[in-house]
Amino acid sequence: MSVINNKKIKISYFPGCTLKTTAKNLEISAIESAKKLGIEMVELSKWNCCGVVASLTSDDLMKHLAPVRNLIRVQEMQKNKLVDEGENRLLTLCSMCFNTLKLSNKRIHENNEDLISLNNFMYLEEDYEGEVEVIHFFELIKEIGFEKVKEQAKTTLKDLKIAPYYGCMLLRPKEVGLDDAESPNIMENFIESIGGTAIEWEAKSRCCGSYHTVNNKHIVINLAKSIIENARKNGAETIITTCPLCAFNLDSRQKDIIEEFPDFVPMPIFYFSQLMALALGVEEKYFGFDDNYIDPKKILEEKGLLSN
Amino acid sequence: MPKKLKFDYKGSEFLDKIVKLSGEIITLCDQCGTCSAGCPFVEEMDITPSQIMRKVLIGDMEVMDSQTMWICASCFTCTVRCPRKLDVSKVSEALRQVKLRQAVDKMDISDISAEEAKRLPVIGLVSSFRKLTG
Amino acid sequence: MEKIGVYLCQCGGNISNTIDLQKITDHLKKNNGDELIIKEFSHMCSGAGQKLITDDIKDQKLDRVVIASCSPHFHEKTFKAAMTKGGLNPYVMEIANFREHCSWAHKSQPEIATEKAKDILDASIAKARMDFPLEEKIMPLGDKVLVIGGGVAGIQVSLDLADAGQKVTLVEKLPTIGGKMAVLTKTFPTEDCSACIISPKMAEAQAHKNINLITNAEIENIQGHRLHFEAKIRNKARYIIENLDMDQCLICTKCVQECPVTTNNYWEQGVIDRKAIYIPAVLAIPFKYIIDPDTCLHFKDGSCNICEEVCPQNAIVFDQKDEVVDVAVDTIVVATGFDIFDATEKPVFGYGKFKNVVTALEMERIVDHISEKPAPPRKIGNRIAFVQCVGSRDEQVGREYCSRVCCMYSIKLASLLKQAKPEKDIYIFYTDIRAFGKGYEEYYKRAQKMGIKFIRGKPSHFEENQFSKKVTLTVEDTLSRKIIETDFDLVVLANGLGLSKSTDNIIDFLKLAKSDDGFLKEAHPKYKPVDTLVEGVFIAGAVQGPKDIPDTVTQASAAAARVLATLAQKEFKLDPILAFVNQEKCDGCRLCLDNCPKEAIIMNKNGKAEVNEALCLGCGSCIASCPTEALDLYSYTTAQLYNQIDAILNNKQENETRILIFADDSCTYRLADALGVRKMKYNTDTRIIRFPSSGRITPNLMLYAFKKGADAIMIGDCHKKSLRVPWTSQVALQSIKKTNEKLVEAGVEGDRIIFHEFGAGDLNIFINKVDEISESLKTMDKITSETKEKLCQRN
């Protein structure tokens, strides 16, 4: 194993509200997997809401306060030596947090006047210096090398046909996307690193319906159904995601899909981190399978990946 | 019967307002329809995203009564495909804001059943409030 | 004392209505002796005005002439001719730019304009006092032309030139000439067969006694400039014997029949296969076999030599080597054409991934073979969609421009298909149909009449059916506002056009410029459309921008005419504005050698630097590196520039501010002209001095300017990509750095020197830059006279 591959990383980590409530399974499995890869995710002290959904109008500077406050927390983490020296990055797991924080950071970075206004407004805080970089867990894995994940894997998810679901927030808009907006491959590479088979499918970045799940759930039912059916048509046995809202729409909403379309055949949905934890030999209690709606164990047992 | 639309200063003012709020130069729209064809929500909409752009451009304020801007969930599919690099999702947001700033909310928390409220992820609740209420 | 004629042009009021010329005359008389002959006239450029000069040269025995009139870019040539007519060397004349740089720019402030005019004129007179006669060196011109690219443009240029008696070397990278046109099935709007039109031209080019045709070749290097070029051409091996006396190969096809390797024929756009030994097309010129070493098994692992064995003529030579030839020419025509947009850059359309998504060029070949018996090489279904603007008018892939030909070729392909197979159901998805040419709109209408359906909308994405391989296309019909989702058997992409990749090397060798669309930039879009910014290099065809065949041929003939007009002069005059070395001052330190990328400076036998005038471009970038001020530039000598700076600041009052603009002649000076022409106001504290390029400026000149009262200096040059001489701004930036160090040493505060690269359209940027300087000067203290003394030793 190369020297670089053995490097330990200690990095600021932003969980966000949902990872502490309905998506605990995403967080716990990711943290434990990260440990196996030499990554210590240090939770940001005093973090607040990421801002949820980037504000898009030109006169909405105040809506960027919440995200920027979090970025100041990262500066503090550095100053208090709670993370690696010079580590100015903020690690995210939730796609929505990733997108919101990164878009705000970008706006502030490009408009010095906005940075000054926000800093002036938050006079009780230390100034944000504009040097924090927001990254997603996938980018960190890519950096340490998919090869390393492969080397560390205890179980290979051979034969499991996985549809990588990017959704919107990892890829769009282009200036914050972590890969090519129209032909990404980072999740495919990830799937291969844990020994799974990534399927090629059209709906990989089709919107799941997002927050319409709250007051217009039939939109989500239609979209989620079309996404799952597209995955199945292309041979997938499961879909992986990194967004708690996508996960809810694709997983929990299958209950509503079945109510409306009794012939619908359910499909288990995983967080990417759950399968990574399985591959890396993390203890089963950290998989968090109990929080998944469609039984995730069945397919794994069928494939002999999980003993029943 | 089609109504005649008068081109007057009100229409131009409306366009200017949306251009300013969205930061998008709507007069650049070529009406190629790429945004509409790629929109995953288009079947839920009463008029297409490219129609939104057109109506704002000609100052047709009836656009404010359309549901399209409320259906748009800022998935940015149109944003990454527009050949003129216009961001239609920003125009939708601007139109929503015009309404929301008149204190007209699009959803009411009391509509969510207790059972659903328990099930729904926080991220969904917060984002729908952020997009659909003022 | 030298006698100087000073002529004040009223320009029919354009100057005299703003600038008080009487005041100017009074000012001159007050500050000068009777060596000045001052005259005012309504139109100096008129015959009568010119006569005034020629008569005075004779009658008054003038030694120098200064004309206060419009910009030298309008009438410098006129007045030079008058000088010659009067019997004076044209280089002892100066033009004070009263109109563009003063009366028009500051029209609303006549008093201030008059004050500025005094400075401009004083500086011109100061410069004129030190003008000396220069001779234009005469260089012989030959009749040799290199034409790069053997498409329709290159063939047309070559034939026109060869017919006119010039010696043409025509170089093509592929094994056959004919270019993209030869690949097309038929041409719009007449539907005559493309091959039938171009193949006689191809044969003529091969047979012409004045054309040396080199195919399957690569240009490895081109050196030289200004009508003297040397090209190194690699003629790649075909591995077939070339015998001038007897054609050894009889094209008996035995080798092809036996060759075991089958691969895509690129000329057929992959629609038809070929062998590793092949002739790309029936109409190929030269009609010669070639072995493709990339696929041939012999070259891969030595496992096969069947062709060699079966050839009855022993014409196959596997160890044939590439031949490298050097060609010396007087002019070059670049006609390297276009590449179609690589549709894999637009992954939503699935090109390269979906079997039934093809490019328009592939479709040309499919349609060309459509009626072949017993069956065409590629079967296509009945429902066919054409998708317009793929890699055109799409900023997501960085292509803002319209490719001009795609609407028409799609209409053509659809029409041909419909005529050959009426059962086909054909749709064209477009954003705008651009049918601008002769007979084009009528052709479009004919297609509509045939029942081809035009749908106004751009598809967002395609999907491929796994089993049927049909392509599902989603599009908004923007006229009915219906979202259409439907299957097609074949989708044809109307790929846009971009500069051919093989042009990039040529651009590097010749230092050509690109315009914003990525195509080659012409010297002037209106009146020099086939010239480039490099003397002796011309362009023809799609290399300058997307073009249809008639436009390409027209432009090719135009380029040929421009070459002929250049070569017909039999000789050319070398602009005498060149660097020179004052041999006495030169101490042989060799520092200048590294500062001339053209390598125009050599060391002579006395161990001193000397300028090779045939190579020197007159940019002046070598001068700043000379520690002894031995290097200098004719017409912009160091002494002249000191004098000009001195004079232009001489009338400055204590409370006034001066922003000196050292303007390069090609861009910044002309930009200031353009501001004047448009009557756009800018800061009246500005004083403009003309420079050949920003590279001519030295730290000493700048320090001297500050010493003499300049408060700030703006240095302008061209955008890097459009620079005739691309290194000048680097030199300027170094000079600025040195000057700033000196300023800091002397205790001068603030950023007082700014540098900017201006484009032709940067009118407002110019104005804003000046305003920014002016604003920032308000926050700085004036440079005190004690400080000024420390700046520069020269008085």
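As written, the chain order gives the labels A, B and C, with residue 1 at the start of each chain.
Following the convention adopted for this analysis, a contact is a pair of C-beta atoms (placed from the backbone, for glycine too) under 8 Å apart; a residue touches a chain by one contact, two chains touch by 3 or more.
From a predicted model like this one, the values you see are computed outputs, not experimental measurements.
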Pairwise touch network: line, ring, star, complete, or other: complete
Result of counting contacting C-beta pairs for B-C and A-B, higher pair: A-B
Inter-chain centre distance, subunit A versus subunit C - centres from mean C-alpha coordinates, in Å: 49
Subunit A and subunit B: spacing of chain centres that average the CA atoms, whole Å: 27
Inter-centroid spacing, subunit C versus subunit B (mean Cα positions, whole Å): 45
Residue numbers of subunit B (touch at least two other chains): 43, 77, 80
Set of subunit A residues in contact with two or more other chains: 182
Touching two or more other chains - residue numbers and ranges from subunit C: 348
For the subunit C and subunit B complex, residues of the former touching the latter: 348, 389, 393-396, 431-432, 456-461, 474-478, 481, 483
For the subunit A and subunit B complex, residues of the former touching the latter: 16-18, 21-23, 49, 52-60, 94, 96, 168, 171-174, 181-182, 205-207, 209-216, 219, 222-223, 244-245, 248, 252
Interfacial residue positions of subunit B with respect to subunit A in the complex: 20-23, 40-41, 43-44, 71, 73-77, 79-80, 87, 89-90, 93-94, 97, 107, 111-112, 116, 119-128, 130-132
Subunit C residues touching subunit A - in the complex, by the definition given at the top: 346-348, 463, 466
Residue numbers on subunit B that touch subunit C, as the complex places them: 30-39, 42-43, 47-48, 50-51, 77, 80-85
